Amino acid sequence: MSDEIILDVKNLSTVITTDRVPVRIVKDVSFQLRRGRTLAIVGESGCGKSVTMQSVVKLVSRNYHITADHVLYRSFRSGAPKEYRLDKLAPYGRVMRSLRGPEISMVFQDPMMSLNPVYKIGDQVIEGLLQHNPGMKKREAWARALEMLKKLGIPAAEQRINEYPHQMSGGMKQRIVIAIAMICDPQIIIADEPTTALDVTIQSQIMELMKQLQTEDRKSIILITHNMGLVAEMADDVAVMYMGRVVEAGPIQAIFENPLHPYTQGLLKSVPVLGMARDKPLIAIPGSTPNPADLTEGCEFAGRCPYCEAACLRGVIPSFEAEPGHQVRCLRSAHGEVN
Amino acid sequence: MDKVNAPVGGHQAIANARRLGTSLRKKRIRKFVGNKLAVFGLAVIVVFLFMALFAPFLTPYDPLEPNFGQTLKGPSAEHWFGTDSMGRDLYTRVLYGARVSILIAVSSSLIANAIGVVMGAFGGYFGGWLDKGLVRLSELFACFPQLIIVLVVMAFIGPGTFNLILVFAITGWTGTFRLVRAEYMSKKEETYVKACEAFGMSRLKIMFFQILPSVMTTVIIQVTMNIPGYVMSEAGLSFLGFGVPMSTPTWGTMLNAAKSMKVLLYAPGVWLVPGCAISLFVLAVNFFGDGLRDVMDPRQQ
Amino acid sequence: MAKYVAKRLLLTLVMIIIISFAIFVALNNTGVDPISFKLGLDNYTPEAAAELREKLGLNAPLVVRYLRWWKDMLSGNFGYSIAHGYSIRSGLIAKWPATLEISLTAMIVSTVIGIGIGMLSAIWQNSIVDYLGRMIAAIGNSVPEYFFALILIQLFSVRLQLLPTSGRVPAGAVTFWDRLPNLILPVAALAIPMCGNLMRYTRNTMLDVANQEYVKLARSKGIPEWKVYIKHVFRNSMRPVVTVLLFRMTLLLGGSVAVETIFSWPGVGQVLTQAITASDYSVVMLYTLMMAVLMLTISFLVDLFAALLDPRVRLDK
């Protein structure tokens, strides 16, 4: 299976400097994405999950400083896999740009803000297509875009394609954003909270759609979310992030059935998941997320952790392999006093 | 600061909130001090205010007394910036001029903003025909060159310091009006305002005791940012001869000397000195205002 | 769109009617009795005055007289200067081309330079270009155009002896090129302080737009940076930038009053200052009226143009 790893991130860190104060937002994050699978990156807002993904594809502002042991993308597009070291590429250089769209594409959080208000839907969908297929006629691109809109279940696509974003509903706009992401037939789709801005019914429609595309074309999806229900529905693997660190990672069964990190446990207890025991109460995690600038040493979760002890406040907590493929950054796992 | 919060109770939460409050203020001060231009602006403003306040102690000369033996002299030990065509010391006149120029600008800005706040509050909070009417009125004012409205009104009521402030105030409220109105329109939808309404608090009380404090940031910045415009307008009008009476020393009436061909061409010092004073002061207030805005309200452009 | 245009047009007309009516009322209450003025001191008797008043239609209701006033103006009769007796048509209206010459040239120059440098400043944020641009903008915002005009005269006319200090048409000028030297300084005095203003606005607007989600999405499509800037950032910045054009035109026309005085430029600004000095109310009020009509027209055109740039307004039925 390991040759099926399409994206391999090792020790990625991002420092954001605001008002001359550098703050580490992403700390030594490692994860692997397998071909045709969905990896969910879970955590509260502000835990650095979006920044992590933006750092991987280097769509970041100038005040971000990214370091990594390696960020490896393996393209399976033509015969033998071709490898790209994303961490070594210039953010807006030719090679990186050639990967954005046909290899890796993104679906952003807010469909309301993600479309340019002054261009027609069709023009925005074909922009990437024309960019990556030099010589393609506009008419041909337009036909492909129309096909894509139809595939995504947009009613009256012939008419919609000529409309402007302000004439559409949120759910429609998100389908358009997905169409833009899909039009170049990418290998990885990074979906950053793709449904938070939408109604619940439309949420499930959109997710259904993505799932369907994935199984049809063997796409890999990275799903960034704070919605555990969505994770349960969609993901094959899960990485739980807290304050810029992956605190627990593993296959979905392992995480849901045997959560080891107190934060993951809290997260699962605090969220209603379909099918969970009816008499189980919902429990909130005490306290609130600290300011990332205040954290210096020890476990990031120590301040809110019920099992916190002296050793948790020193140094960097290492990652332990609790069972094959199931990593956790908690000293309790080292002692073996698991649940 | 303690890293480990034992069980977080109410007291802890309040302490946290307080700590957040002071750290925000500290952060803002740090941010302001980090902005070299803003600090430079503040320093220049302080120097100007000091010079204006203590003018009599900083110079032995009288700003109005002519000395025909000493006309149009260049800079010297007795006259640091030289003298004008009536032999008056330019340094002295810049000091005394600062008094009137700054006074006019600051008071015009305060009054104009007060008008803008009241109109914006009523328009934004009440809406309806009142709001529509006020918006039209402000558009009418805003689409005229301000200098020209002021000129025309001054033509009718005649020059004078008080008249000038009055005219500046009644023509200069539109910018603040628009900003304050927009703020009120969004604030009136917020829960805390709805709560006050539900409790039956009077609308005026809600407008001026509940919403106004949250709008003050915008207003303070506006007051600061309007001052440069008034300094320049005062000087422009006085330069043309329609501002304050020529007998009052202001930076503008000093510039008026340049209307004489002889001074314009051959005694540039006479108009360079007040011109530079205006530009330096305006630059300083602009820098200070920008810094203030960055610190207090980064989203506003 | 048609509805939007009609609404804006109607509003503009209503505004013009309100302003002109206010001006008409003000003109009728200037304290100068046109009858005694017309009759002269020697011929003045109450009976003669009443007769002339009737003959001139001055006893008609205010609204009737107001309409008659508009009719006169539309047929080219704008009345006379109270102080100097010259016809307003030749003394004021005929001066507009001179004023528009410098203000429109200054407008074009400052718009091109301002938007240009503002764009570069935004694209190369925190580069040398950005710092220089911001420095020029800061100075431009702080040096009033009249002071700048004085400096220009001192520098280019007195010291370097390159350009003339005053007048619009030098003696013996035939072609545009003969007149060009006279145009340079007044236009520079108006345009350069104005550049700073627009530069700053363009830069800030573009930086604002550059942070929008849809720009990030455009980048995620893999299109080159220059395309991102032209197609997405610049195109969306144009609407706010165009919207401030009106405001800038008011600043320019305001500034042109002082600049015309300094350069002895024979435009309406100079007429205005002379009229104010002489308490020549009929000229002052007519100037105000024309300014109102001009500004309201520009305001209408700017709104129209801004609407054309934005499908949200353009397609609104």
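For reference, chains read A, B and C in written order, and residue numbers begin at 1 within each chain.
The working rule: a residue touches a chain if its C-beta (ideal position, glycine included) is under 8 Å from a C-beta of that chain, and two chains touch if they have at least 3 such contacts.
Given the structure is predicted, the values throughout are model-derived calculations rather than measurements.
Q: Looking at A-B and B-C, which pair shares more C-beta contacts?
A: Greater number of contacting C-beta pairs: B-C.
Q: Indicate, using Cα centroids, the chain positioned nearest the centre of all protein chains shown.
A: Chain closest to the assembly's C-alpha mean: B.
Q: Need the CA-centroid distance for the pair chain A / chain C, whole Å please.
A: Centre-to-centre distance between chain A and chain C: 53 Å.
Q: Using Cα averages as centroids, what's the distance between chain A and chain B in whole Å?
A: Each chain's C-alpha centroid was found; their separation is 49 Å.
Q: Would you kindly tell me how far, in whole Å, the mean C-alpha position of chain C lies from that of chain B?
A: 25
Q: Can you pull out the residues of chain A that are in contact with at least two other chains?
A: none
Q: Would you tell me which residues of chain C are touching chain A in their complex?
A: 125-126, 212-214, 216-225, 227, 231-232, 235-236, 309-312, 315
Q: Taking the complex as given, what residues does chain A use to touch chain B?
A: So the residues of chain A in touch with chain B come to 19-20, 286-287, 294, 296, 298, 302-304, 308, 313.
Q: Report the residues of chain B in contact with chain C in the complex, numbered from low to high.
A: Those residues of chain B that touch chain C are 136, 139-140, 142-148, 151-152, 154-156, 228, 232, 235-236, 239-242, 255, 258-259, 264-266, 268, 271-272, 275, 278-280, 282-283, 286-287, 301.
Q: If you look only at chain B, which of its residues touch chain A in the complex?
A: Those in contact with chain A are residues 1, 3-5, 7-8, 27, 30-31, 34.
Q: Quick check on the complex: what are the chain C residues that touch chain B?
A: Touching chain B from chain C are residues 15, 18-19, 138-139, 141-144, 146-147, 150-151, 153-154, 157-158, 165, 204-205, 208, 246-247, 250-251, 253-255, 257-258, 261-262, 272-273, 275-277, 279, 281, 284-285, 287-288, 291-292, 295-296, 298-299.
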